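Here the structure is laid out as structure tokens; the discussion comes afterwards.
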Amino acid sequence: MKFAVITFPGSNCDYDCYRAVKDHLKCPVEYIWHREHSLNDCDCVILPGGFSYGDYLRTGAIARFSPIMRQVIDFADKGGPVIGICNGFQILLESGLLPGAMLVNRSLQFICKTVHLKAENNKLPFTNKLTKNQLIKVPIAHKEGNYYADQKTVRELEENGRVVFRYCDSSGKADDTANPNGSVNNIAGITNQQGNVLGMMPHPERALEQLLGSSDGVLIFDSIKNFLGAK
Amino acid sequence: MTKHQEPIVDIKLARSFGINQEEFDSIQRIMGRMPSYTELGIFSVLWSEHCSYKNSKPLLKLFPTRAPQVLQGPGENAGIVDIGDGLGIAMKVESHNHPSAIEPYQGAATGIGGILRDIFTMGARPIALMDPLYFGSLEDAHVRHLFSGVVSGIADYGNCVGIPTVGGSVVFDESYTTNPLVNVMCLGLVENKKIMRGFASGSGNLVIAVGATTGRDGIHGATFASEELSEESSAKRPSVQIGDPFTKKLLLEATLELIESGLAVGIQDMGAAGLTSSSIEMASRAGTGLEMDMSQVPLREKGMTPYEIMLSESQERMVVVAPKENYEQIKAIFDKWELHCSSIGVVTDDGHVRIKWGEEVFADIPVKALVDEAPVYERESQKPGYLDKLKQFIQNDIKEPKDHNRSLNIVLSAPTIASKRWVYQQYDHQVRTNTAVLPGSDAAVLRIRGTNKAIGITTDCNGRYCYLNPFNGGAIAVAEAARNLACSGAKPLGLTDCLNFGNPYKPEVFYQMKQAVEGLAEACKVLEVPVISGNVSLYNESLTHSVYPTPLIGMVGLIEDLSQITTQWFKEPGDVVFLAGDIKSQPDIGGSEYLKVVHGQVNGDAPAIDLSAEKKLHDFVRDAIKAGLVRSAHDCSEGGLAVALAECCFTPPLDPLLNKEGTGLVADLSDLPGRSDFKLFAEFQSRIVLSCKPSDIEKLEGLAKKQGVDIMKLGTVGGDRLVIKDLIDLPVAEARKTWEEAIPNIMK
Amino acid sequence: MLTAEIHVTLKDLVLDPQGTTLKRSMETMGYQNIEEVRMGKFIQVRFDSDDRKEVEKKVDEMCRQILSNPVIEQYSYSLTEGE
Amino acid sequence: MLTAEIHVTLKDLVLDPQGTTLKRSMETMGYQNIEEVRMGKFIQVRFDSDDRKEVEKKVDEMCRQILSNPVIEQYSYSLTEGE
């Protein structure tokens, strides 16, 4: 059960994801440089957060042309689990593995804080340890997390349980005041049709220890391990 | 294109380079002839204030810089202190005041870029940034523009390179209106055996330029930083560059990979004065010489002359010195990170720096004379007249307001006191997943992975105190930093300072500077904190006045055990609240925020400070924390006791407006001396608010007694109101709203 | 020498947070009668080539492939001679 | 109805890191003969007014005051009738 953390020039949560797998899951994990052409038989791909190519032009726009993305797309097409966190989510959008696009936060500011999320789909490789509609506390840290998709796509996502995480308040209400960035329907994370690709703005790898404020991210990492172990 | 025609050198030209007659004479003496144009340029930047510290050197000698834990003191790119386990913390602060005044976003961003380079050049991986900032009043639209620009510049740059900005400070005062202070501090973690220094050693070794290409950016930037801001500043050739955090991130990774590989013998960043200062400093430290061929430097612009190449301040470049046989491997590392790497010269043993273009020599200067004979001035000092006038302040002439709730609300909503969430929420303070205490408490705390230790970090300086009493103000800056660390459970290891002052040629300004430095030095000695690095920023002036003297302190301390990390917030209802430290003196309202925002006066003297009492207090609090007796600890500083108590009640939930339940306070201050409003708002030093479990009261009191520290019970945690008997009674949620929303409301 | 001047703007249906904020701050500064503000990108690409047709093809491809995101953006460009 | 189309670009002497990175990436993607790429802003402001002179004055002022910083940027604009 081996994990790949893809490093693009400018990735900066690659280290945190690597530590999460190594220290928390205690599973083998390797960094894969974006120019590589192979995923080295890894069983799960993590596209980490950060600022690939400095977020220049558009977030994720340049990274999606990195050679390794061909392998990632192949891997996803074959049903392999791929999780994109923050910038990783943005790269998944740009590369077409997930629908929609990111706009700048409506405050136009970068926002770093811990938010409540409601886990609406607990049937995925990434969420099987969560209960349906469970509330978890996970930090966000982004400037372009204002998720946008046209109405048809949003309906499609909503009707098929593809909205995986939604921003909400401590009572689970997902209204506008609980929306940190203006994303459509408070969407914080979505999955593809097959359910093997997850993109989410919040950082579960930052929520693995009470020392750092929350350990709810454990549920997501443990889900993946659980999924891979059962396979 | 090989021929470069150089202008004729004479005193007029020298003056335009900022070199005076006396300096011009010594240059000719050192050279034994008239210098060439390129040579004059080299002298001018190395002898500028920014590089030579010619007006501050005698003062800097006053600082204590040695201690057993100091692995690297001042003189290198950054200082380093030992934290055990074979690890060290590299630390340095820099100012980017002038660029930020004319282009707040890019000015602040490139400031972050510069300070990062100082840290990773030492082989340390940057782990945290801090941003002490000083602006004019937020009532002023231009100040708001500067404030928001600076904050987003820091945010965009720091966030992009992936270094958490874990704390800082923001002060608002009219004295900084047109000349904000934008100081940035970086800390890095280094394996002690991998510390890298800027030495150009080993005759025959290659001098290699790596990173970005060289263009005509910021030529004469180092001298720009040493001039007062004027109308012309903005008309000059763009002296502000566009930050490139992406390339910085690549350079950081490539440099750390290079150091890890052991292929280089010396590395130095190209900061102010670019290739000139980096190469010459490296040669000077190693006692060697250099020969460099400018035609080999990767250029971005056409037709650049040797002079321009030597003085360019293009960002994201480093100089590496390494044996010839390692060159190909080094190049491979920089290729991987898509950065330039080009051999531009060799180390020599004749002690000269020789700048050539092909075979033609453009400069040939003895390194030792260039560095050692840089001018040093003991400037004239004169006590400013305003100081005696302020001493005549009689505090009892201040009318006591009836409604102290109202006063507390005014003080809590003063931007200097109010919550800085608007600022730090824009910073990624968690990336790299080590931040155990996020912004908002006295000191930020980062755990050190692979150990059971953590470090505390804080930045402090109250410029108003330094204005009212430069010596005490300086001492207080150090004391407050150490106090903030003590409150988080950390023992200070070392500090870095940024001396922000006005024009040193004004005797009054030099007086402030001298006194403040003496105060800093005295506090460093008594509190046993060595100075390990620092920076001087002079000429912080607008058309009419100097900024408040602001010797900013950044301090790092060690927490031996993760379980001892302490924060300022009350924890549980029923806990008992104490005031430790100076509980007997009469209050003095001089220099306080209360006097300023409620009574509209900046007057009186800075608070008194007894450094040995301060030291005892810190030791006591740390020992009490170690003994597991302390639930929360918060120092009293700006805003006085009332504000400190309120801040203890403002527990940090996700939603700033939802306070944790039951962390209100019922307190009684009747046993403290002095008038009610002074009791609440006087800014006593050497005071810490502690809370403990009821079952630990005796132990805590016993420890205090044993260590000779006064301690007094103030009240009990509980309820949802902040109650100070007969004086204050406010719902915590309401007070918190006032404090949280003050800055966001202004910045809307 | 040919230079492509490329405009990338948000599609009309997409709300523009930057434009909206800009409009608001202009209004606070006393500017009136502003109906709408939209923020876009202006990209200049200078080619070392004089082959208009070929360059035009390239530019169009660039715009589709990388310079714009069709989910939210539209583009237009023009070619000019010289620097 | 008048619409101002405003271009804000970096001054020629100022290095444009975004443009440089974009150029390098496009080259890696196989685009050749690119001499330089510069990134700028394109701002459209729609006014509910037909007074050209007055609008022009406003736009110029806006450009100087909020849309650009003369230390590093330059601007140009044109006014068109209608939406």
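Every chain is named by a letter (A, B, C and D) in the order it is written, and numbering of its residues begins at 1.
Heads up, the rule we're going with is that a contact is a pair of C-beta atoms (placed from the backbone, for glycine too) under 8 Å apart; a residue touches a chain by one contact, two chains touch by 3 or more.
Note that the structure is a prediction, hence the values are computed from the model and not measured.
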Between subunit B and subunit C, the fewest steps along chains that touch one another: 2
A-D versus A-B: which has more C-beta pairs touching? A-B
Can you work out the whole-Å distance between the CA centroids of subunit B and subunit D? 36
Between subunit C and subunit D, tell me the centre distance in angstrom, where each centre is the average of that chain's C-alpha atoms. 9
If a residue has to touch 2 or more other chains to count, which residues of subunit C qualify? 66
Multi-chain contact residues (two or more partners), subunit B: 244, 246-247, 338
Find every residue in subunit A that makes contact with two or more other chains and list them. 53-54, 56-57, 62, 65
Using the touch rule from the top, collect the residues of subunit B that touch subunit D in their complex. 102-103, 106, 215-217, 234, 237-238, 240-244, 246-247, 300, 314, 338
Write out the stretch or stretches of subunit C touching subunit D in their complex. 1, 7-9, 19, 22, 25-26, 29, 31, 33-49, 58, 62, 65-66
Subunit D-touching residues of subunit A, taken from the complex the two chains share: 53-54, 56-57, 62, 65
Subunit B touches which residues of subunit A in the complex? 9-10, 12-13, 15-16, 19, 33, 49-51, 53-56, 109-116, 137, 139, 141, 143, 169-170, 203, 205-206, 208, 211-213
Given the complex, residues on subunit C that touch subunit A span 13-15, 17-18, 20-21, 66-67, 69, 71-72
